[in-house]
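Each of the two complexes below includes subunit A, the first together with subunit B, the second together with subunit C.
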Partner chain A sequence: MKVIMESIDVHIGGVKILNNISLNVSKGEVVGLIGRNGAGKTTTLNTIMGLVRPSKGSIYLEIDGSKTDLRRLKPYEIARLGITMAPQGRYIFPDLTVLENLEVAYGGSPPEDVLKDIFTYFPELGKIIDRKGIHLSGGEQQMLAIARALVRNPKIILLDEPLEGLAPKIVVSVREIIRRIKAEGIGILITESGNIKRIQDLVDRVYGIDRGEIIYSGDVESIMKDLDVRRRIWGF
Partner chain B sequence: MDINLFIVQLFNALFFASILFLISSGLSLIYGIMKILNLAHGALYMVGAYITFTVVILWLGLSWYSMVIAYIASIAVVASLGIYIERILLKPLYNKPQDLQLLLTFALIFILDDIVKMIWGAQYRAFPTIPGWSLSVGEYQIPVYFIATILIALGVALLLHWFFTKTIYGKMIRAISYSLETSAILGINTDKLFALSFALGAGLAGLAGGVAVPLYTASPGMGGDAIVLSFAVIVIGGMGSILGAFVGSLIVGLSRVFMAIIYPVFEIALIYIIMAIILMFRPTGLFGREMRERR
Partner chain C sequence: MMFKIDNELYSLITLFIFLAVIPQFLSIYNVRLLSVGLLYGLAAVGFNLLYGYTGLLSFGHAMFWSAGAYGLAIGLVKLNLDPLMSILLAFTLTFTVAIVTGYLSLRHTEIYFAMLTLAFAQLIYALIIKLRDITGGDEGIYGIPRFPSDIGGYYYLIYIIVFILVILAWWIVRTPLGLGFQAVRDNPYRAEALGLDVRRVRLISFVLSGFYLSIAGMLYAPLNRAITPDIAFWTFSAIIVIMTIIGGSKNVLGAFIGGLIFIYINTQAMNLTEFWQLTLGIILALLVYLAPYGIVGIFERVLRYVRGG
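Now for the complex of A and B:
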């Protein structure tokens, strides 16, 4: 199972936001999308999820050689195909409890074994299932955002800046969760704008993005050695 | 004011508040979830009134039994009309500027008014009498119909509370009202829930029209007055909040009826003064929360 973007252009309000983006992520691998704020990372993820429609190019889901055109599908149809997303800012439903946030993502009351799996990943959430989203800490919100994306048993999950704004101790927990998700064979596309070292040991390969263009594709060690890419992404 | 008159006016006010709640809860529901200000909500209320009039007066005859059937018919017809409006007319405009949705719902007022005139004529359609008997309070009378209407409104409030807190569709609708896009990327069928929400809001308007018609004569354009006061209710109570619609209806209903006795020329002005004061101190209304973008 593989999500493939080919030569994608995206225009928003007449402005070209993504320019000829091509990338792919397969089940079982962790792929980083690195770029500074405003580079086009979130728009790339939103385009895969069908929240933003491309003006050119193709996006499809390949399963055993057969391709499904994602451009024709609505976001909820894409999610039901097995691609889900934990958005930047988490967007936890504030009036719903932890359990209700999971219920709406599952589409009903999740069976015991599904909840057990989720709370094995996130034992902290298991202790606060009746707490409303609005009363969760930043770390708890991030864990719930990832848990919601996992509850439908996705094959590929898009994590938009999952480590952003978290305390160092929580970053360690979330990184551990990402490792465990990968170990389950789920493909992950993860974005990072600040500190590449936070995801360096998590990813199998990375894309560098700047001003809506992919400027690097390869392993994570090499991106740090490419002076032009470093300058464009980190400014040094 | 003697105590008997006070009791009678209290029931008048609660009856009026009940009708307002049934209208404004639907209006608030549609706005809270879909961010659509449905100007045609009053016209849907009018259709509900005509359906109940037709079933009770033209078909079955006046009885409690026929009233119940008429309410169900009003809800079903107006909710179905709501689904058609949402799927066929509103859906193509979701990604367009909001002005277009406003214009469309504004145009629907006139379209529905004219359809009503074509089917039922332009004349007023009145019930010969209020259904049921009356209770004596001293020299005054309280129609049992008022009490039944208050109980219907309370029942609807409890049913809505149950729906939004206990059922998965209710919880999903609450999720959508917070963030449409986040709901969609989690796999929630936002299309289906939009249609369901609009149908539910429209059905409430239909029920409101059915409940109101024995007292407020059915006529083309009758939705105009109702919608203006309903906007005041949801601004006071808070856009998108059913509890806000409930409390806002009580505030508007009680203040209007009692002011009509105490100082009639100030009857309507008081409502808008209350609204202005609440807006000054709580711009989101008493129970509203800041509306997020459609993300």
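Now for the complex of A and C:
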């Protein structure tokens, strides 16, 4: 199972946000998308989810050689195909409890075994299932955002800056969760804007993105050695 | 599926116990007033499924009240159908109105949705005026039979139906469907990315909400024994919005209380002065200004204060 973006252009309000983006992520691998703020990382993820419509190019979900055109599908249909997203800013439903947030994501009451799996990943959430989203800490919100993306048993999960704004202790927990998701064979596309070291040991390969264009594709060690890419992404 | 019996349900049941007992101590006039209060409460609860829970402000919900009332009245009086067939006619009319207007209105949200619902409601109002042979035009329909015929007995028929539907609403908002309403209200884009068909969820909420109003209208027509087109006019849609906001749109209890007491605020304002609309306007403005979460919000604040929260 593989998500493939080919030559994608995205315009928002007449401005070209993504320019000829091509990338792919397969089930069982962790792929990083590295770029500074405003480079187009979130738009790339939103485009895969169908939240933003591309003006050019194609996006496919390839399963056993057969391709499904994701451009034709609505976001909820894409989610039901097994591609889910934990957005930046988390967007937890504030008036719903932890359990209710999971129920919305599952599309009903998740069976006991599904909940057990989720709370094995996130034991902290298991202790606060009746707490409303509005009362969760930043770390708890991030965990719930990832849990919501996991509850549908996805094949590919899109994590938009999951480590951003978290306390160092929580970063350790979330990194551990990402490792365990990878071990389950779920494909992950993870974005990171600032500190590549936070995901260096998690990813199998990375894309570098700047001003809506892919400027690097390869392994994570080489991106640090490419002076032009380093300058464009990190400014040094 | 498990549901926790929460404070809201306790409050609702306490309120309904009070509403079961209180008519024994009231005059016929006040029992009739309370009957209208129950129906307004039901209407507000139904409206709030769409407004408070799904985040869509409709300015045209009078069309559902009138679809129910006119559907039943036409069946009973104009077509001489039996009560069951008349109810079926009213439901069919409501469903048709809800599906057509919902499908067309829900292509938009926010003010555009509100304006579209207002436009459709006014269209229904115009149809009621123009289709004189069926609807009685601006004179309406009179002589609608009531069973039981006495106000006291009919109050308890209204009471039972309203009780069931209000508790049903409390339950619905806690089901995955109701949680979906709230997810769509809070963030439709994220809800869709999580797998919710937002348009379908909104349409279900719209139709369900319409049915609540329709049933209230169906019960109102025999209570009043007559209906006139003013129940389809936009001002009645505004009243539905106002009473929901007065009570509080955060939960079922708030909306129900808003509807229940609106009729008393309205009647008292009319008794106090000939400038009752001005008085009512001032009361409403003060309530909205001082209690943005409605009367139930005030109670919650007081309760928090008492508990030292």
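Structure notes:
The definition used in the following text is that the second predicted complex is superposed on the first by the 236 of 236 C-alpha atoms of A that agree within 3 Å, B and C clash if a C-alpha of one lies under 4 Å from a C-alpha of the other, contacts with A are read in each partner's own complex, and residues count from 1 in each chain.
In this section, contacts are C-beta pairs under 8 Å (C-beta built on N, C-alpha and C of every residue); 3 or more make two chains touch, one makes a residue touch a chain.
It should be emphasised that the depicted structure is a prediction, and the values quoted were computed from it without experimental measurement.
Aligning the two structures on subunit A places subunit B and subunit C in a clash. When the two complexes are overlaid on their common chain A, residue A:E213 makes contact with neither subunit B nor subunit C. Legend: residue contacts after superposition of the two complexes on their common chain; A:E124 is shown touching neither subunit B nor subunit C. After overlaying the two complexes on the shared chain, residue contacts for A:E62 are found with neither subunit B nor subunit C. Once the two complexes are overlaid on the shared chain, A:D204 sits clear of subunit B and of subunit C alike. Of the two partner chains, both subunit B and subunit C are touched by A:K74.
Taken together, the two complexes place residues 49-51, 74-76, 78-80, 84-85, 87, 91, 93-96, 100, 103-105, 107-109, 148-149, 152 of subunit A in contact with subunit B and also with subunit C.
The part of subunit A that touches subunit C in the complex is made up of residues 49-51, 74-76, 78-80, 84-85, 87, 91, 93-96, 100, 103-109, 148-149, 152. Across the complex, subunit B is touched by residues 49-51, 74-76, 78-80, 84-85, 87, 91, 93-96, 100-101, 103-105, 107-109, 148-149, 152 of subunit A.
Subunit B makes touch with subunit A in their complex at residues 168, 171-172, 174-175, 178-179, 181-191, 295.
Chain contact summary for the complex, subunit C toward subunit A: residues 1, 176, 179-180, 182-183, 186-187, 189-198.
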